[in-house]
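These are the structures in question, set out in turn.
Common to both upcoming complexes is chain A, partnered first by chain B, then by chain C.
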Partner chain A sequence: MHRFANPGRFLRLANRIQPWLKALTALGFLLGLYLALIGSPPDYQQGETVRIMYIHVPSAWMALLAYLILGLASASALIWRHPLADIAAEAISPIGAAFTLLALITGSLWGKPMWGTYWVWDARLTSFLLLFFLYLGHMALLGAFDDRGRGQRSAAVLALVGLINLPIIKYSVDWWNTLHQPASIARMDGPSIDPSMLWPLFTMAAAFHVFLLAVLIERMRTLLLEAKLRNQRLAAFDRVQTEPF
Partner chain B sequence: MKRKTLRLYLVLISLGLLGTATALVLNAFDRELVFFFSPSEIAAEQPAPGRIIRLGGLVETGSVTKLGDGATFSFRITDLKASTSIAYRGVLPDLFREGQGVVVQGTFNESGNFVASEVLAKHDENYLPPEVAKALKASGRWQEGAGTAASPAIVPGASSDTGGEGNSP
Partner chain C sequence: MIDLGSFLAMGGYAAYVWPAYGAGVVILAAVWFDGLRRRRAVERALQAVAQSRENDA
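The block that comes next holds the complex of A and B.
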């Protein structure tokens, strides 16, 4: 891991794999959307509305995965002071926030016809809304200080505290009774989704994973170049200041 | 001890303490965090009339009737141990049918009947194409909810498998 923590080496690696990741994302979504929208059957109870699940479930997974990445990046930034970890944390939180919002919106659109309501304050929905606010809080804290380092450290502490929310989201449907249905895939007795719907879902999930990685690397690359530019400007400014008249 | 080892322990210990604190708080609020009560809980401890509560369970097979005015439904919600009778005036959600999980919100009136102001259908975690569901039912390997036999009867007035738009108020 430490070998890739070097920004220069990361940039070289990113430039090499990024075209492949983007191509794979396009391919994955093409196949996944075909399977989800055309190649899979309607549900015996939900009818065609089940197709929302192919976006909703992977988005929710990505929202959780992005927060896990944010938590790990924040921890390694705080403990080992990796320069790349701060960049990764700053890069991932808007991505995670976007996936969280997507999961909330698609869930709400599914809830209206199926449950009869857009929103309820049950444990799953409320903890997921909290995840969205954690992302927003992280983004806000990053920019709240004149000193970037202080902003990064306080945002990292917030991200670590918010990690507690991840198991609460995951197990909320088991610990308390909720309107949201319990887990369909990570179950003791195997998934309760028919294979004809499970494979389209897994294809979409794979596409979402590659997409997350591609966007994360793209944002990290941009942030690294921004930092480089900032340092060059500072150096140029210093040269002007110290030059004798 | 090196500084980074110290920081690692500090982060781990803080997270451990925070986790413990959260677990204790959530445990203490256990009763407040449930979205609905079950009919057995209601039977054990009848709430005061007029207090707004949510009640959840399966719609008892054969219990759904439409009253004379054509808009009020009467049905029983069961958790297979106890059941409560519900009166509801309004449009039922698409997924409302006998044997299906629902959550109703409302109050008990003076005579001990539950009057619902809102009925929400609870979807279960099973996803099946219609023909597979039919085949499972035909072969008798079908289990629904907490183990009640599925009833093909669909509530009068509620639309069937269309999914599409909601017909709730």
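The block that comes next holds the complex of A and C.
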């Protein structure tokens, strides 16, 4: 893993796999949408609203995965001061915020017909809203200081403190009485969902994973180029300063 | 063949199912194209710096 932690090597690897990731993303979403909208039956209790789950559940998973990546990247940035770790943290938080927003919107569109309300302040929904604000806070802190390094360190500390929210989200449906149903995939006795609905769910989840990886790599590549641009401008500025007129 | 009318009606839940998929398309497309736009912008800026260096030389 450490071999890929070199920015130059990372860029070369990224350029090589990016076309494949894009093709896989397109393929995954085509197949996933077909299974989710056409190739799967309505649920006997939820009717056609079960199709909302094929977006809601994968985006919620990605929202959590993105925060895990943010936490790991922030920890390695603070401990090992690796430049790629700061870049990964900066790249992942807008992506995580987008997935969190999508999970909140689709969840509330499912909640209205099934629970009778768009929103309720229960443990799962509230902790997930907090996740959204953690992402926004991370992005805001990154840009809040003139000194980029200070912004990165404060944002990393916030990200680490916010890690405590992940187990709260995961276990909120067991610890508190909530409207949100408990886990139906990651259970000790295996998933409690019919295979006809597991397939669209897993296909969409696979597409979401590849999408996340593709946009993460794209953003990291951009941030590396932006750092290069800052250095070149600084160098050009120094030249102008030192040249005699 | 599936019946388009009943497909779009989504068993009476069209007002919830389609906005959910619409939000998915809009948000994922926004993430994708924002990333693309930023990379193109920085690549243009890098080219401009390289160009001005050539002019100076």
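Here is the rule we use: the second predicted complex is superposed on the first by the 244 of 245 C-alpha atoms of A that agree within 3 Å, B and C clash if a C-alpha of one lies under 4 Å from a C-alpha of the other, contacts with A are read in each partner's own complex, and residues count from 1 in each chain.
Keep this in mind: contacts are C-beta pairs under 8 Å (C-beta built on N, C-alpha and C of every residue); 3 or more make two chains touch, one makes a residue touch a chain.
Computed from a predicted structure; not experimentally measured.
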Chain B versus chain C as contact partner of A:I95, first or second or both or neither: second
Touch count on chain A, higher of chain B and chain C: B
Which superposed partner A:S192 touches (first chain B, second chain C, both, neither): first
Which of chain B and chain C A:K112 touches, first, second, both or neither: both
Contacts of A:K228 with chain B and chain C, given as first, second, both or neither: second
Partner chain in contact with A:L78 - chain B first, chain C second, else both or neither: first
Contacts of A:E48 with chain B and chain C, given as first, second, both or neither: both
Partner chain in contact with A:L179 - chain B first, chain C second, else both or neither: first
Residues of chain A contacting chain B in one complex and chain C in the other: 42, 47-49, 112-113
Residue ranges of chain A in contact with chain B within the complex: 41-50, 53, 75, 78-81, 112-117, 120, 122-123, 160-161, 163-164, 168, 175-179, 181-184, 187, 192-194, 196-197
In the complex, chain A residues that touch chain C: 37-38, 42, 47-49, 51-52, 55-56, 59, 94-95, 98, 101-102, 105-106, 109-110, 112-113, 211, 215, 218-219, 221-222, 225-226, 228-229, 232-233, 236
Of chain B, residues touching chain A in the complex: 4, 7-8, 11, 14-15, 18-19, 22, 26, 30, 33-36, 38, 56, 92-96, 103, 118-134, 161-166, 168
Of chain C, residues touching chain A in the complex: 2, 7, 10-13, 16-17, 19-21, 23-24, 27-28, 30-32, 34-36, 38-39, 42-43, 45-46, 49, 52-53
